[in-house]
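What follows is a set of structures for review.
What follows is subunit A paired twice: with subunit B in the first complex and subunit C in the second.
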Partner chain A sequence: MRKSNKAPFIWLAPSLIVLFLITIIPTLFLFYTSSVNWELGLPWSDRTFVGLQNYLDIFRDFLFQQAVKRTIVYTVFSVSTEFVFGYIIASFLSRKSVRWKGLLIGTLIIPMTVTPSIAGLIWRLYFNPNYGIINYFLHFFKIAPDWYSYSLAMSSVIIVDVWQWTPFVALILFAGLSALPSTPFEAALVDGASKLQIMRYITLPLLKPIILIAILLRGMDALKMFDVVFSLTGGGPADATELLSMLVYRTGFYQTGMIGLASAIAVVLLVVIILISQLFIKILGEKREEV
Partner chain B sequence: MRQKIQKRDNDTLLEGNLITSQLEKRKLNLFIDISGTIIIIFIFLFPFLWMVGMSFKDRIQTFQIPPAWFFKPTLENYRDLFSREIFGHYFVNSLLVVAFSVLISLLIAAPAAYALSRFNFKAKKDFSFWILSVRMAPAISVVIPYFLLGSLIGILDTKFVLILSYLTFNIPFAVWMLKGFISEIPIEIEEAAMVDGYSRFEVFYKIIIPLTATGFAATSILCIIQSWNEFTFALFLTTTNARTLPTIVTQFLTFQGVVWGEMSSAATITVLPAVIFAILVRKHLITGLTFGALKE
Partner chain C sequence: MKKERLILSLILILLMLFSCVVSFAKTDELQIWADQVKKKMGGSKITIAAATHPSIEAFKKMTPQFEKLTGIKVAWDTMEEIYLHDKILTEHVARTGRYDVIMMDVCWIGEFAKKQVAIPLDTYLQKAPKWYNYDDIVPAYRKGLGVFNNKIYGIPSAGESAFIAYRRDLFEKYGYNPNSIKTYDDLLAAAKFFNGKEDGLFGISMRGRRGHHIVYGWFQTLYPMGGSVFASGTNNVTINSPESIKSLEYFVDLMQYAPRGIENFSHEEATTTFMQGQAAMWFDATALAPWIEDETKSIVAGKVGYMAPPTGPSGSAAAVAGWNLAISSASKNKDVAWKFITYMTSQLTAAEYVESGGVVTRTSILNDKNFVSRYPYYPQIVESLEMANVLVDKGIDWRPRIPEWPRIGEILGLNASLVLTKQLNAKDALNNAARDIKALFK
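What follows is the complex of A and B.
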């Protein structure tokens, strides 16, 4: 039935050509700009080739090291919180007796579709120490944290991420839980296993690939987080929430215009995320073969 | 054995106050169900509803503490918002950029998706996974060369460059989604049609496309949502002419504190289309967001 080996390539050609032009060429160009010394505003011809100097510079740079640390803290805290709450919500949704599941799922869909830059802006109002709704609720407990302060700014960003993306983790895990076979659970109940034992030895191992998929997807998103931080804290106060993406923005565009350095940071971020995505792809491939 | 029993007792104890009868257990379950439902709705829906509510408050009500739970809604904020030329301009830009980018993406992605689900060739797996990793690339990295090349060619601040940059995430996403939908159509239908003298191309647009219409609709809606919400490219590549709605935050960040009501109305209008679309395609949302790892 198949006419020739060339057939698939005619179908693939448009996407191959377009993706080559709009992704491969820009990426190569990014690698190139990461090896030049050039400032925004100068004529393009004023650039000088510096090889790997930009990379050496950023790795020695205190701001970069701090941004890496913050990005890791941000990613670890938000993803793990999302996983814990997501798992609890997913287990709750799997209870047979819970009614209004449609309403609950509809509710969960809303935060993750809210435009992230807008979510940052709105939560900025909610976090306002004087007029914000959050401190209004907290005053019943006699606490009034200053969410804009240096020590709490990172927590505010994490809270917004957790609000937006816990539902995503919850819905993935809920879908995963619903698809689990029932036999192992019945057998465990017959053997008198406790709820915790069932979770530890049956549910979590069976759910492992799906948990990994959820965590990796969230992890990659958290590593490249930009819009929420931009509108919630702008990286501040005093660098407290300066994540890697914000550092790229500030180095390359907002304050200094050091395109070479910004490109080098961007390449580091790109490489890290592509490496993680290979892990994701591997798990995805294995999962697809099962089906 | 005793330990086991002890442990089980402890677990039961953990679940609530001493469960003595079936009836109390049922009561406890009802309590968990109701309080869980309330907590989920409060945490995840309330912030959204509060934003919508705020957009209908007047200036005094927005700053009122304790907050105004009940108030006479006013359209003042929306009137102020629409009286700013900028808002309508951003809105139209958003519409155009999203529409063109999604349309072009589907046109380019559909044949690729068909090839990946129907043909067997050597590099098939590599190609589909390469496409997927393109989708993962961080916008902040891709945007730098776009900005520089764009300024060298002189296309910055145009809808064209924005549409182009949105293709970088829409095409891979659409290929991956449509591939899933096309693979669900039994290949026998196609073979029968080809026996009847249909060419591959005719099979594709006379049979596959109509049969996967819902898949196409779901894919385009998911593409619309991600493009509508896109911020990084829009922020870097545009300044005034081609700005889209998500970048309106930069307008409000400068004089924040005064116009909460107007801010909320802008937020509500920006967010609402995405939310409505997402609820429409809720069945495919998780499949889409996990790139087909989970099917519902």
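What follows is the complex of A and C.
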């Protein structure tokens, strides 16, 4: 009996060790660096322990408050737009009358295969107000928005994210829709339910766990968004697109080197992501039991 | 018949020998030096940390010859400019000794000297061969790029100043005399004149992206208008002085006539817009002029005239910026690294360097008739550099070479960008900047 109790641990050991080395130790180290004052490039022995001072500093920092607000705006807008479009695409794909389904799904995957930082660079050219392709097409409608301006820069970043990750949401929802049992729908049709009623009272409740997974994955990604912002706007103009990860990078590296402060911001980001994902997972668990 | 043939072949052989001797004499000194190096260090290996830059492309083209001559193996680690700074610092902190030669932006020199990332090169330079000729490097570069606290930390490998390019064809078409642009007010008037003159034509293209780009654009006007970051030779912050505020206001004024999207423009977009014929003028780094003259990419190539920056109320001043080659303090092959730098930046190899697409750093090349006829903008570079040297001689750094500069640049870059995007007025923004900069020195 004893032997069989130990057996799983032996098999788990390699991955646990790797996980410990590359995830847990750096995270603990992150907590430590968030409590010291140290500039990148100086000898490690020059650090001074400051306790919670870094946290107090960032919560008082105007830029940090702005970054938190912008990260929330960015996450809410990009994830909800992706969900709406994703749902529309998924329900279109799950119609029986749609032909060439394999080809359509294959095309959907293309944006996802582009490295996000490269996507940012490509869109930086597309968005260029003077020689970009987007304004070239828009000029037929006599409009020429300045995508880099303070007010529009955030929407530019959201558009890129939506372009890249709507297919992902769509594919997850499509998989969910295809796996739904057909009996409730048949029953509803017999009862004479309208299409909207079917969607509201049957499809969405049945699909809830899948929807939550999609939103959870996208939400966590959006909260730690970095690459597209970095290559598309660099956090600018001014502070218009400075999200939390961008602020971490700018504070810790990028010519400033304030590792302590940057670690503190990163810890805050980490805690927020963990809390939100726990919340979602809890809701998800409850729903599962109901179903 | 036979005799004739013999004579002919003799003449040919003589001719061949003669040409060999001529070419040999030119590289004779180099060959002797290389043989000595090969004896001592042949077979050793060095790694260079570099940014993607035309000068590095040129150095890479010269590397096989260097490897053949000296028997030293050269490995390149080339990356984006922004990563380079982080990468060098992290390697330095970890004391890996991975890099022997590092490419160093002039903005980093104070920081790298303070953190002892790079070592002083004075003792090496004293032992440099005669054909190296350090004094031939443009004075503004020598003094303005590679020196910190009177010690030489880097050898200028790519230097630049700033100047204005204008569309000769447009200026002729509308009868605008480019020589009439003498002051910054004239420049503003010219930008206003051309802005919207034709469909899709803007006045002037510069950079405005947050961070060091907008600082670069704005600083073109800072010194001529009497502004400065610090009072000369002290740490007293003067970036919120009335003159400094005026210079930022002027820059934002000028940017009304800039292409749309200027708030996100780095040098790339600023120059591309001009190359696409969408701006009448362009005010940026001299090192970018080859792009404008590149017929395969630029539709305005050959239609462009150049002029040195205009004069402001406080006289004229021009930017000095550029890159150095330096030796990493953690290197295990410092002597070998120095031999590499010697070969790549010497006067003897300078022509080859520029031919391979490098960025000119030496007076001898800038004044060479052969080169001037091929690169029409060389005289204006010299003129800009003389203006730059005015600042250097006064002991003012265009961008202060102090360890805190990268942080100061970030602070100024954010606040200037807030003004350009109309979130703050220049006075409030620069007062904020001054407050944050003062906090750095506490």
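We adopt the following convention: the second predicted complex is superposed on the first by the 273 of 291 C-alpha atoms of A that agree within 3 Å, B and C clash if a C-alpha of one lies under 4 Å from a C-alpha of the other, contacts with A are read in each partner's own complex, and residues count from 1 in each chain.
In this text, a contact is a pair of C-beta atoms (placed from the backbone, for glycine too) under 8 Å apart; a residue touches a chain by one contact, two chains touch by 3 or more.
Keep in mind that what you see is a predicted model, and the values were worked out from it rather than measured.
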>> Contact-wise, after the overlay, does A:W44 reach subunit B, subunit C, both or neither (first, second, both, neither)?
In response: both
> Is subunit A touched at more residues by subunit B or by subunit C?
Replying inline: B
>> Under the stated touch criterion, which partner chain does A:F253 make contact with: subunit B (first), subunit C (second), both, or neither?
In response: both
>> Going by the contact rule set out at the top, does A:P205 touch subunit B (first), subunit C (second), both, or neither?
In response: neither
>> Which partner chains sit in contact with A:Y131 here, subunit B, subunit C, both or neither? Use first/second/both/neither.
In response: both
>> If we overlay the two complexes on their shared chain A, which of subunit B and subunit C does A:Y148 touch? Say first, second, both or neither.
In response: second
>> Per the contact definition in the header, classify A:G234: touching subunit B only (first), subunit C only (second), both, or neither.
In response: both
> Once the complexes are superposed, what residues of subunit A are shared between the subunit B interface and the subunit C interface?
Replying inline: 44, 124, 130-131, 234, 253
> For subunit A, which residues are in contact with subunit C within the complex?
Replying inline: 40-44, 124, 127-131, 144, 146-150, 153, 233-240, 250, 253-257
>> List the residues on subunit C that touch subunit A in their complex, please.
In response: 82, 85-86, 89-90, 92-93, 107, 111, 115, 117, 200, 202, 208-212, 259-261, 263-264, 269, 272-273, 276, 278, 406-407, 409-410, 414, 417-418, 420-423
>> With touch defined as at the start, can you tell me which subunit B residues reach subunit A in the complex?
In response: 4, 7-8, 11, 29-30, 32-33, 36-37, 40-41, 43-45, 47-48, 50-51, 54, 62-63, 65-67, 107-109, 111-112, 114-116, 119, 121, 124-125, 127, 129, 131-134, 136-142, 144-149, 152, 164-165, 167-168, 171-172, 175, 191, 194, 200, 225, 228-229, 231-232, 235-236, 245-247, 249, 252-253, 256, 260, 263-264, 267, 270-271, 274-275, 277-279, 282, 285-286, 289-296
> Inside the complex, what are the residues of subunit A that reach subunit B?
Replying inline: 1-3, 5, 7-9, 11-12, 14-16, 18-19, 22-23, 25-27, 29-30, 33, 44, 89, 92, 95, 97-100, 103-118, 120-126, 130-131, 133, 136, 163, 166-168, 171-172, 175-176, 179, 192, 194-196, 210, 213-214, 217, 220, 223-224, 226-227, 230-231, 234, 245, 248-249, 252-253, 259, 262-263, 266-267, 269-270, 273-274, 276-278, 280-281, 283-285, 287-288, 291
